[in-house]
Amino acid sequence: MLWLGVAYLGALAALLITSLWTQDDFTGTIQRAWTLENFRTLFTVEVYRTITVRTIAIAALVTVVDVVLAFPIALYMAKVASPRLQRLLVIAVLMPLWASYLVKAYAWRGMLSADGPIAWIASPFGLGTPGYGLVATTITLAYLWLPYMILPVYAGLERVPDSLFEASADLGGGAWTTIRRVVVPMAFPAIVAGSIFTFSLSMGDYIAVKIVGGTGQLLGNVVYDNSSTANNLPFAAAVATVPIVVMLGYLAAARRTGALENL
Amino acid sequence: MSQRMILSAGLRRSLAATTLVVLVVIYVPLALVLVNSFNADNTFGWPPESLTLRWWKLAWHSQGARDALWTSIQVALAATAIALVLGTLAAMGLRRTRFFGRNVVSLLIILPIALPGIVTGLAFQNGFRTILGIQLSLWTIVIAHATFCIVTVFNNVQARFQRLGGSLEQASMDLGAGRWTTFRLVTFPMLRSALLAGALLSFGLSFDEIVVTTFTASSHDQTLPIWIFQNLFRPNQAPVVNVVAAVLVVASAVPIYLAQRLSGSTAEGLTGAR
Amino acid sequence: MRRIPTKRLAAIACAGALALAATACGTSSGDGDGGPKAGEEQGGFTAPDVPMLDKLGDMEGQVNILAWPGYAEDGSTDKSVDWVTPFEKETGCQANVKYFATSDEAIQLMKSGEYDVVSASGDASLRLIASGDAAPVNTDLLTNYGDIEDFLKDRDWNSVDGQMYGVPHGWGANLLMYTKDVVKPAPTSWGAVFDDASKYAGKVTAYDSPIYIADAALYLMKTQPDVGIENPYALDKDQLAAAVDLLKKQKANVSEYWSDYLKEVAAFKSGDSVIGTTWQVIASTIGDSVDAVLPEEGSTGWSDTWMIGAKAPNPNCGYAWMDYITSPKAQAAVAEYFGEAPANTKACGLTSDASFCETYHATDADYADQIWYWTTPISQCLDGRTDTECTDYGDWTTAWTEIKG
């Protein structure tokens, strides 16, 4: 407990404080003088606004794609598959998590390239690969974080009592109505719990964008470029407060659905 | 298996079909990795012109890969051990508290995993180097990893507590057992499978972590993801990385399978659900 | 920064002082980040009085090496790539190699005094000399020094007034690469990726780093004299804005920015990119389908130097390493693995690819003369202007973010 308080909150607080300092351009050292300069730059230079909006949009899109993909498979695992198949499916979903993140991102680079498998399969139909860019980034991120969505949703659905399905059917609800009116509301907190993972992981990513993002960049890249190559920690810290604020807002909203209990 | 009939046949079929499609989508890129580990072209030209076992031989002899694997295992084990202790303590501490403080601590534990890795990584780097003046080392990685791993243990243990309640322990105390004896003989056995599931998830999280690691590792300490990152940028090393990844995917089935067997319910064991 | 007359003058003015007492010119330096301009302002390049080794003694049994990844391979990455083990056997010095990722990191680590030798790039070497962390090198103690190409010796990124502060290791240029089948006629100017980039819209690639702004600045320097750029690493606000404008226009035609080797090789092989900046090693890997040329404007590039620490705990083994790594055999191995021109051109007879040195123009002084080596821009103008303030690397980073949008 104390550990968390000291190690993590301390580090976060220190980061916030650093963002109020400034960097000496000449020596690259940090000057501990209070200034809001970093935040002024962040708010007034238009490019940072554009990047923030783009990052949030991609994170949201990735989350939506993952929900749409994860829900059917989770429902199948929880309510249709036999226990044996269920066990196999959990392994099947978990296994990709162990293949290195980078290797998977590079695999998608290969999939999406102009002469890669996707173009190969799509070309007879007169279609092509989306190429590298924001679409490719969304696909890759959605792929990377899909297991983080499937598992909580599956766990949430398993807790929905079977009797509810029967009751709904007895009352004349069709399959679609049952899912829409009974299953989705029951699983909603689990979906939100999963979305915390997919959303935050996408918000902070900077490596996948570099690999498949073409010319695009996200907030993570700005933080990374400023802290690592430009050695400007104060500004990097200021930029990092943006995802912190967004995630705190997200968590606050998620709390109202009871999703935090579902993580 | 009457309970499996709760959905109409048509819906079951379409769910099965969707599941199949999603699984195919999940595994096609992994299959590509496997194929490319045999691809003679060292930058994964597609389709492969010829196949070779050369990369597998190189990977087998790569001392760097072995060292990095060992480092990763050490870090993941240490981080998991710390997470197990602190996560359990946190869950036990919160068991009796209600209302005030409870929500705050829950949020605090979730925060490291909910905030983007780049924020956590930067916060730690800044904390270690600028504020505390500590040199980055293997231990800084362990501390950072443990912080975001605690949540997996905490959730599993807390869920188990909520399900089982405290009556067994009360009975133990009533029968004259001390706190430690109660923990050893009653609480711990009760938590065992929850701890195992939490530990497994925590190990996995730490093992494949790259963003936080990049910020908290010194240039000397190479975990496997960092080794992979650096080797993807060296001439002729990318195919070796594919071999390592392919091996990892296959090897990961073993601990996951074991954990499932040991923890009983699949859903609860692996997701921390209650 | 090789063409800064004022700086060379300043260095000469300080020469006597260095030789006699080294106090007149050398004491005012307190910070390590002065760079060349700090010297100018103070009326002389500040090279603190650091003693030079006059004769070799007994080997200490170990040496601590700071190196760019790929410069000191010990077989742990790939068993067949190993030139550290032969060194250990030959000299009895156990090599402890530490890799660094950026020049800033290298400087930080050198300041600890734990390391004997470092492979410093142009943006680190002068800072190490000025801060007193690097010692002058007694080239008489190095048997292979005589074989190093003359055009790499006594340059202003590795020496102060004729006193070498390191041994040249290797160098390379950022070239213009294109796919032969697609890009016709063969381009001879960087204009192909700037003003004429629209011809290959969506297939142009560029290096993903703020330092790439220097490439645009170099092009402007040669094609638009009225912008007044004298050195692509010394840009005032307006000049930076002009370069940014050019890069923003270029971006519309860029397929992707590349930062790693693998990414660019894959992109040219698959046809996702057909023209853009490159390194020779990338072009060689891809093969005959592409060609890499040094455009008429010249290009940016890098040149690395092995330096010895002022507080080196193992100076004898440190010298042994500097001598070993510049020997023909080691140079051939490093140059071929890393993909750059070796400084010791006797290596050319030992490379597995017989035409390696020709491909990399290792002996071509005129070729090397057209390269503007990577240097970190600082607010004091590196071209000697004192009436204005230049943009530093932080400004370049911000600009790069804006360019990518």
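For clarity, chains are labelled A, B and C in written order, and residue numbers in each chain start from 1.
By our rule, a residue touches a chain if its C-beta (ideal position, glycine included) is under 8 Å from a C-beta of that chain, and two chains touch if they have at least 3 such contacts.
Just so you know, these numbers come straight off a predicted model, no measurement behind them.
Asker: If you tally contacting C-beta pairs, which comes out ahead, A-B or A-C? Let me know.
Answerer: A-B
Asker: With chain centres set to the mean of the C-alpha atoms, which chain is at the far end from chain A?
Answerer: Checked the centroid distances; the maximum from chain A is C.
Asker: On a C-alpha centroid basis, what's the spacing between chain A and chain C, in Å?
Answerer: 38
Asker: Taking the mean of the CA coordinates per chain, how far is chain A from chain B in Å?
Answerer: Inter-chain centre distance comes to 17 Å.
Asker: Listing for chain A: what residues touch at least two other chains?
Answerer: 106, 110, 113, 115-116
Asker: Give me the residue numbers in chain B that touch at least two other chains, ranges are fine.
Answerer: Only 44, 46, 232, 238 qualify.
Asker: Can you pull out the residues of chain C that are in contact with at least two other chains?
Answerer: Where chain C meets two or more other chains at a single residue, that happens at 101, 262, 266, 270.
Asker: Spell out the part of chain B that touches chain C in their complex, as residue ranges.
Answerer: So the residues of chain B in touch with chain C come to 42-46, 58, 61-64, 67, 219-220, 230-238, 240.
Asker: With touch defined as at the start, can you tell me which chain A residues reach chain B in the complex?
Answerer: Interface residues on the chain A side: 1, 3-5, 7-12, 14-15, 18, 30, 69, 72-73, 75-80, 82-83, 86-87, 89-104, 106-108, 110-111, 113, 115-117, 120, 143, 146, 151-152, 154-156, 158-159, 162, 165-166, 169, 174-175, 178-179, 190, 196-197, 200-201, 203-207, 220, 223-224, 227, 233, 236-237, 240, 243-244, 247, 250-251, 260-263.
Asker: Which residues, counting only chain B, touch chain A once they are in their complex?
Answerer: Interface residues on chain B, with respect to chain A: 1, 3-4, 6-8, 10-12, 14-16, 18-19, 22-23, 25-30, 32-33, 36, 44, 46-47, 86, 89-90, 93, 105-120, 122-127, 130-131, 143, 147, 150-151, 155, 204, 207-208, 210-211, 215, 224-225, 228-229, 232, 238, 241-242, 244-246, 248-249, 251-253, 256-257, 260, 266-268, 270-274.
Asker: Which residues of chain C touch chain A once you look at their complex with the stated criterion?
Answerer: For chain C paired with chain A, touching residues are 31-33, 101-102, 104, 202, 208-210, 251, 254-257, 259, 262-263, 266-267, 270-272, 378-380, 392-398, 400-402, 404-405.
Asker: In their shared complex, at which residues does chain A touch chain C?
Answerer: 23, 25-28, 41, 45, 47-48, 50-51, 106, 109-110, 113-116, 131-132, 210-211, 213-217, 222, 225-226, 228-232, 235
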